[in-house]
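See the structures that follow.
Shared between the two complexes below is subunit A, which has subunit B as its partner in the first and subunit C in the second.
Take a look at the complex of A and B:
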């Protein structure tokens, strides 16, 4: 039971990550890979505050984690969003790798061993279900917030900017501030997901925020359907549930580990060939 | 009368290529000014300087007496400089109506804050914009295209949509970059009628065009440019009577 709850909490947290990443890359057209590092900034900020500053309530810590992610994203955006396309990709990758090295080498973040002993805020037998309810509600709120942003006038402006930035600007729209806003909203959501993660698992390791995590979140968005409101939800469920389902087959570990990798690779290749716009995306 | 737009000694060069060489130009309200000249004369560059896509190396630009040459592109559009593009730059994944709805100078819906608070006011603003957009499409006989994707329309209609989107900006200055290139038949008539109506409503209009008969039918004044310089500025009749055009288009 606990095991299933943990999977469900993970799915909720990754739904927030995939959904907010979809806002940035799918709708905003901002090709960044650094999304997991904003997840990390939220998680570490919340975790460190929970460990060292006991008088702040947990909700406050999560909000501060989000705020830290927003501040970091605006700092990165101010410089990196002036360039776009491949350059933005490289700049975001550099940002992610640099911060990751900091997390691994600073003493107060726990170094490569990670940050542990984050206090449990909820105790007792209802801990799992309560966390699941909170994370599930946050995921729903996040999916619907993204949907509200991309539908209607603001979403229209976002697609116009992505289609023809010059014409968009010449119609009196400030493309730069719009990009920063989209980026900050998306990264803030990732930071919030980090805060929830820190409280539920009570342990953070820098390795879980590396480029492999970027690839996982990107795969969720692409499989589910980039630029669709509910695609990332489907992607997050599939990519987290499939590996777990495989473990029920009770294969020997020597076969198990490569099987998961092979299944992901095959899935991505199949989708690229057969359905490049994802499960919920229209036929391309 | 004070001109809507005035440039003084406008200069711009890309390396050794001078695209704007001491350009002094003024356009009055209600006037349709034709801008003619060979390819590479600096006509589109002049539009880019006026609208803010390019920063001038020297000289100044005034809109209704206010100096704007260091104002960014998007702010100049909000001040009322509306322009079209030679290659239209329509929003290709969007419908005709949505293309137009990105056009207004000020739009409350494009703020995350307003999205979260005050959605009633937003709906009212959205409805008003929709009416205005449908009105402009109606003037061009294009109401029935409102929900089509722009890429599905014939070229002439796309050109008109480019103009329609620009007209959502109700500012005092309208810059049209080769509105007639590739346009014929009904769309040609519509284009001419709508541009004339815009000038009659008091806008200052400047048209870059190779189609001399379009200039003759529409413009009260014409400016001839070559190598970034204004070589002649006067009535269309004077320009047609002079040797400059004959040399340009017939090489004699």
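Take a look at the complex of A and C:
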């Protein structure tokens, strides 16, 4: 039962990540792959505050984690959004891997061994279900917040900026500030997801936030349907749940982990060939 | 610490260490030049190249030449298959670059997971010992591996230059990289050019992985880091400038080598990613050295 709850919590957290990433890449058209590093910034900020500043309440720590992710995203956006397309993709990769190197080498973050002993905010037999309720509510809030943003007048402006930036600028709108705002909102949500992750799992390792995490979140968005409100939810559920099916075979870890990876990647490759627009997406 | 002999030693070691990275970068840069794609599937091909040679040497007990041949056949074969049944399919559909990025990255991950399942995650080397005999020349230690690396990289670059400059096939690659549609109007097959490029890159990857695998341990995940160094070299050299990318790789290796005089070795990767970030922001078209015109 605990295992299933943990999977459900992971799905909720990844739903936040995928939905917020969808806002950045799907609606905003900003091709970055650095989303996991904002997840990491939120997680590490929350984890470090929980360990070293015990008087701040958990909600405050998560909010501060979000704020740290927003600040970092504005710093990246201010410089990197001057370039676009492939260049932005690679620049964001450099930013992500550089910060990961910092996390791996700084002593106060736990170095390559990771940050452990993050205190649990909820104890007892209801810990799992309560966390699931909190993470599920946060995921729902995130999905509907993204939906509300993109369906309103601001969303139409975002679409116009993405599709015709030159015309958008010619109409007197500031594309750069809009890009930074979208980026900051998306990354702030990712930071919040990181805070929830830190409190639930009580352990953070830098390797969780590497380029493979980027590929995983990107895949959830694309497979679910980029630029659709509920596509990332479907992507997160599908790509996290299906590889877990073989857990019940109780294979040795040396076989289990790569086999789950193979199932995950084969699923993605199949979808890329058979339904490139995603499950909920329109015609490719 | 700053004695000439020490500085010369660091210079030589930096140049020699850059050899496999030069080969990887040239393969990556050539692919980007001709196909216009950031082909991250090359990290999967790197894994195939190394583990094919490793299996041939240790599993089958074959001699080095046969191991290299097996590595070459499997890596170039994989590159060709990826081009024909993967990239071309997405090209025909008119997929955007993000789709290519996801496809190549996920395909690499798939290959790496399969290799992890077969070979495990322990570091492996091509030879029992990674120590190679050393000669002292003018106070500088030069190992056999250094000589092999530098000679192999120099030969591969010269061969590629000759191929691009003096053969029709090479000139077709240049034509397709300049304008694929126009090249096709003149009867040059872009698809053929893409496939030839895939095979050439495969050969560069095999040579690089031989050098890397005979100098240190390789784990299935190593190629993901290796391909990033190729990306940085490609960007620094400038997109479409294959031989400048090779120089950029040497420059990066030298920076990393000399950085040990000032910073700990654990920060060297940070230096590399800092270069990647700064290069894109400051020199998105690569660093161009101009000598002026007479």
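Things worth noting here:
Assume the second predicted complex is superposed on the first by the 273 of 284 C-alpha atoms of A that agree within 3 Å, B and C clash if a C-alpha of one lies under 4 Å from a C-alpha of the other, contacts with A are read in each partner's own complex, and residues count from 1 in each chain.
Following the convention adopted for this analysis, a contact is a pair of C-beta atoms (placed from the backbone, for glycine too) under 8 Å apart; a residue touches a chain by one contact, two chains touch by 3 or more.
What you see is a predicted model, and the numbers here were worked out from it, not measured in a lab.
Using the contact criterion defined above for the overlaid structures, shared-chain residue A:90 touches subunit C, although it does not reach subunit B.
Once chain A of one complex is fitted onto chain A of the other, the partner contacts of A:265 are limited to subunit C, with no touch recorded for subunit B.
When both complexes are overlaid on chain A, the residue A:185 reaches subunit B alone and has no touch with subunit C. Taking subunit A as the reference, the larger set of touched residues comes from C, when subunit B and subunit C are compared.
When the shared chain is aligned, subunit B comes close enough to touch A:168, but subunit C does not. In the superposition on chain A, A:157 makes contact with subunit B only, not with subunit C. By the touch criterion defined above, A:102 reaches subunit C but does not reach subunit B. When both complexes are aligned on chain A by C-alpha atoms, no subunit A residue touches subunit B in the first and subunit C in the second. Contact residues on subunit A toward subunit C in their complex (touch as defined above): 25, 31, 33, 79-80, 82-83, 85-87, 89-91, 93-95, 97-98, 101-102, 105, 211-212, 215, 218-219, 222, 254-255, 257-259, 261-262, 265-266, 268-269, 272-273, 276, 284.
Residues 148-149, 152-154, 156-157, 159-160, 162-164, 166-175, 178, 181, 185 of subunit A are the ones that touch subunit B when the two sit in their complex. Residues 38, 89-90, 93, 95, 97-99, 101-103, 105-107, 109-110, 113-114, 116-117, 120-121, 224, 228, 231-232, 235, 266-267, 269-270, 273-274, 276-277, 280-281, 284 of subunit C are the ones touching subunit A in the complex.
Remark: subunit B residues 51-53, 73-75, 77-78, 83, 85, 89-94, 98-99, 101-107, 109-112, 115, 122, 126, 165, 168-169 touch subunit A in the complex.
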